[in-house]
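Each structure below is given as structure tokens.
The same chain A turns up in both complexes below, where it pairs with chain B and then with chain C.
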Partner chain A sequence: MAETKLMGQNFRAFVGSPAAAVSEAVNCQVTISGNMEDGSTKDSTSSWQEEQMVSKQWSVTVESVDATLANLRALITQFNSDSKVNVGFDQAGGAQNRVAQNADFARSGDAILNDLSIVANNRSTIQVSCQYQGSGELS
Partner chain B sequence: MEKNEKPKAAEAAREPEAIKPGVPVKVEGTTREEAAARVKDLRRRAHEQGLTEKEGGFIHKVRKDFRDPGIYVAELVFVKR
Partner chain C sequence: MDKGQHLRLVIVSSGTTPVASFVSFSTDLTFHLSAQTDDSTTKDSTDSNGLWNEYDVVGRSGDINFGALVVVNSSSIPNTDNYFQHFISKVSDTAVDWKLVFVSGENNRTVGKTVCYGKGKLTNLSVSAQNRQKATYQGTLNLYGPVTVGSD
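Our next item is the complex of A and B:
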């Protein structure tokens, strides 16, 4: 039997310490990427590049419709302070899909809020988008 | 007499305390798997007490600085069903 696919609503970003699921989140995106460099030398006899990983980076982006005054104030304060917060992702379930399930893929790390956008269109829900850039290992 | 009392005290110390609704409970582990096992055990105990998890339970790594190997910590809040 095919393994059950994880749906988007059951994959959530958790922010803060103690880490809580981002309230009223509608989308989240986790990006993990590595920077490569050609490691070939004069000893390399072929013409093919010999790529090697020189650094790695990760980030978590969350879009939420939780545009309460308290939440916006907290986010702007967080952005201004450049402080590190704990950010991670996990399978979520339970009441309101807010309970972490400790899935095998769950990871977390320290991150800094480096991108905050608030989109407020006339007669529509305010959408808040935050990008947390990892500072240190995602473990 | 004293000899008999000591093992009893040790046993009482091992007996896990009842989980209070609304009060955050912290669990720690040296690895993510160890912390996950403790979270699982705590959830089982809470379920036996008729409690349900409100939110959270996310395991995150806490490090003092980049040299610190760190520990894995989760904080759980249970409420009455």
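Our next item is the complex of A and C:
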């Protein structure tokens, strides 16, 4: 069976309800990590720790060049809000690579916009970076 | 795509007649907001495998880092700009009003729509003066209180 190696532009973050691909995105990073605890006891007969996962978390970071007034205002409004937003990722294709393909690896969940950076340097395109910290299950 | 020179930091002086002042000869700007979250997972939390953490926002903070050229200007020259010399005295516990605005026109000094605004304290000012290079400085405005989205 032929394998398709996915290009970065076809792996996109989707935000909101209904979920929409983050516009003008240039980079996205998904991180899932677990917190481990040593489960070894006196019953353990070696000196090696026996790690077990006790909790886990996820986050999505998206960098884009969508620095329109409307988008910047919307992001700061979301940051100021206590409400969570639906964030996920999927294989994307079609028009502007924005159509979700419902790949087997697609996942989404509630998240908090917990870090927002706007970089506006002279003679450079404005860069917008958002980090969404997942809250609850990534399903 | 919007260019960096079209988004500028404006310091608004206090007083009966507030004056909006650009950071003069500015080169770079980074606006940063950060939310502190706390794990709110309890024994009531259930999901497919009982491992996913849940979070709530418990605090918000932010800062604005800006860079500019050190320019020597005479205090006798009337202007409404913020130069390096003006910032020296502003490194203090006194909050200043700031705005992040889109600009256009000559010297990118025609103020357009406001992205957001708030108060901040200038907590850091550092100069880099290397031989055969223009002297530059970086300032850090620690945001004080809420950031309000512009509505103009």
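Definition applied: the second predicted complex is superposed on the first by the 137 of 139 C-alpha atoms of A that agree within 3 Å, B and C clash if a C-alpha of one lies under 4 Å from a C-alpha of the other, contacts with A are read in each partner's own complex, and residues count from 1 in each chain.
Just so it is clear, a residue touches a chain if its C-beta (ideal position, glycine included) is under 8 Å from a C-beta of that chain, and two chains touch if they have at least 3 such contacts.
Please read these numbers as outputs of a predicted model, since none were measured by experiment.
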{"item": "A:S17 touches, of chain B and chain C: first, second, both or neither?", "value": "first"}
{"item": "Residues of chain A touched, compared between chain B and chain C (which is higher)", "value": "C"}
{"item": "Partner chain in contact with A:L116 - chain B first, chain C second, else both or neither", "value": "second"}
{"item": "First (chain B), second (chain C), both or neither touched by A:T68", "value": "second"}
{"item": "Contacts of A:I126 with chain B and chain C, given as first, second, both or neither", "value": "second"}
{"item": "Touched partner set for A:K56, first chain B, second chain C, both or neither", "value": "second"}
{"item": "Which superposed partner A:V85 touches (first chain B, second chain C, both, neither)", "value": "neither"}
{"item": "Contacts of A:V26 with chain B and chain C, given as first, second, both or neither", "value": "neither"}
{"item": "First (chain B), second (chain C), both or neither touched by A:G136", "value": "both"}
{"item": "Chain B and chain C contact sites that coincide on chain A, given as residue numbers", "value": "109, 136, 139"}
{"item": "Chain A residues touching chain B - in the complex, by the definition given at the top", "value": "14, 17-21, 86, 88, 90, 94-96, 98-100, 102, 106, 108-110, 136, 139"}
{"item": "Partner chain A, residues of chain C touching it in the complex", "value": "1-8, 26-37, 40-41, 45, 47-48, 51-57, 60, 100, 102, 113, 115-116, 146-147, 149-150"}
{"item": "Residue ranges of chain A in contact with chain C within the complex", "value": "24, 34, 53-58, 65, 67-69, 72-73, 76-77, 79-80, 82, 109, 112-126, 133-139"}
{"item": "Chain A contact footprint on chain B (complex, rising order)", "value": "24, 32, 35-36, 39-40, 52-63, 66, 70, 73-75"}
